[in-house]
């Protein structure tokens, strides 16, 4: 059960950091069955409790919803888990500083060590390339598949006019990356206002940062605070 | 009585999100009589209680003030309810990121799906077109009528050097639009600083978003938190 | 004693709004003797209690300090009370958005109705015009006199590389002006980033706003919250 | 023990002001032995308690870790204490507004009196000058020595793509400088957006401010609030 408490904590940590509001979500691949994942029912993230978690297969069909309402964009999670076997957690959010990058074509770059993973490349998903005239929500398997394909092997992808999706080999990494992606986007906007000549992390620095940056020091206090009132 | 509790919640939700400070207000058309509406007396929004709600006719004459002080700008609400029969709720606010758009002529555009309604057009009310030398407050029926006329069929209108007015077919929509109008204005300012070439939602995306975007997932937790200490 | 509780509230309101941190202060001319004023001892504003208030004459000599430490910049208050008989309250602060205007020569302008008083003119005090090589603190009668002279008949003055001073015919007005001066400065910076063509309040609108804008609706809830734990 | 409580307070004050998140740290030279310093174990700053403090020699070898995990970047502290005998406290942080200056070559300047110390010069540490392909962390004595050498006699140094290090002759000064360095960086970014012609504190003003600016009025209330729940 501990992993599911981790997922509950992830919802609340992301809400407390302003990364998700009423509309973001985070999933965990089942530790017992890689063909399954957990995602909360349609509910405000800061209120998620263990009993709100629903198990899905990778086609995002609920196995045990018992009348609980699934979120419409669950296909984001299922389709990414299909194409990225090493990924154990997926975050979808509308964190505010990331949206401006999604609509301008200005690429996010690795500006500081806490978000070095940006240097691995953050593609931008243009939903119109799959379907015109949507409400921008990834609410079909087809849209989810295309988003997963745009994401490719990257740690995150922007979604034009919508937000982003962030993945990790474990929950702390997906959560930590989401928090620092937002902060990094803020810093990059500010740096651009100061100067057009910015020194980003170079490829060797990005590569050296990847194995060490797991946000493992932050996770225990984040988790403890998030679950305080559970 | 539940609808009036919704209105109390609306005041507190808007205050908690920084959309209104001591000076904003939100009204609800009476569910029993479309020729009547409710608005709180002159009081800080975060403190509104059911007993602070006053019923008005559409000329904004109080029916039951019992000595409670009406807000001077109530004509905003009454005159809009007259011209927009489908509108059930009106928010007037000074949310900070919207003001810069009201004084520069830079149009608000639909930058992300949570505020797709902006794509329906947000006109700007210039009070000087009706009356010179005011304190900018819409405190007469004449000013209210002109504001309603500038608003026309739009979901919101800016008010130059003052703030905005936002409407909805129900309270959650008017409240949700007010919250995401503020956020969208922030995002648009940031995107403009990154680039002058911004990809906005197109007309088909705006149209597809209108029926689905009712902020219904957010409303229950917002309401619950707002009324916690009632 | 009620007026002194108002002054205690003013300290806490300004701290709660982020207008003053550990270093700002606010004074009240004595309601009984216009040749006297009250100012808190050197203490964090959010902790001020009635017993921390010291009475001063207009030369800023404490009448009853009883060993309590006076703030070094009290001359700001005494010298302004000398030259502005109608002023009953003076706020000195370092509110962040105001400082950039003090060092760039870009004038603050009346961008929205809540800070219409800016249209009466906000001069900028350059301490070097009186004395070179200071630590920028107005800690002598001579510096206070010059600041009062630069302020003249204005509702507020910037202090280069330091902050501002804001006055009012009563405490709510001086406090409200300080809060909305900060917000107005933010809005003006944002508007300038959107466009160089900004529509400010015109002279007639500024004049019409002066008598009505007393922040009287905001004061009771601000005060109540500030004194909750007194 | 009082000095160690001061250090606990410093961690919590910096966290409460948003200067450090899960990854910053602050050290205190031992009041009894200038060849020793104290630093918390690897733990979230807001949770630090006296029993989390570890004593180190100036080579950053723990004297009493008893299984507690040391932070990898402790060499920042030890190497600075070696070269700056007058320094009693060192803060390492990633405070957000400082990072953009570290990657653009735009120098931080003394824009307001609360951060006059910036006028003494803030050098920028480029880790690539010592070692290529790092994860940017100063986790060896060699990197620490070079950082200390770049810092020289300055009150602070930026660290490219990473954050900054700030020193003081006592804890309140190192903590106060860290808080106002962040604020000053914000103000300088805003001032630059208003105008390229900025009036900074001049050399005489910087010199006059140095002895007086010790943040001694702020320290007692900061400390009291930080240790409230100890």
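By letter and in written order, the chains are A, B, C and D; residue numbering begins at 1 in each of them.
Here is the rule we use: a residue touches a chain if its C-beta (ideal position, glycine included) is under 8 Å from a C-beta of that chain, and two chains touch if they have at least 3 such contacts.
Bear in mind the structure is a predicted one, so any value in this text is a computation, not a measurement.
Centroid distances from subunit D, each centroid being the mean of CA atoms, peak for B. Subunit B maps onto subunit C through a rotation of 90 degrees [Cα fit, steps of 5, range 0 to 180].
Mostly differing positions are employed by subunit A and subunit B in their mutual contact, as under half of the interface residue numbers are shared between these two copies. A separation of 32 Å divides the Cα centre of subunit A from that of subunit B.
Rounded to a whole number, the gap between the C-alpha centres of subunit B and subunit D is 45 angstrom.
Contact with two or more other chains is made by residues 193 of subunit D. Chain contact topology: the protein chains form a single closed ring, every chain touching exactly two others.
Note for the complex: subunit D touches subunit C at residues 110-114, 116, 183, 186-187, 190-191, 193-195, 197-202, 204-205, 207-209, 212-213, 215, 217-218, 220-222. Taken together, the subunit A residues at the contact with subunit B in this complex read 21-23, 42-44, 46-47, 94, 96-97, 99-101, 103-106, 128, 132-137, 160-163, 189, 192-193.
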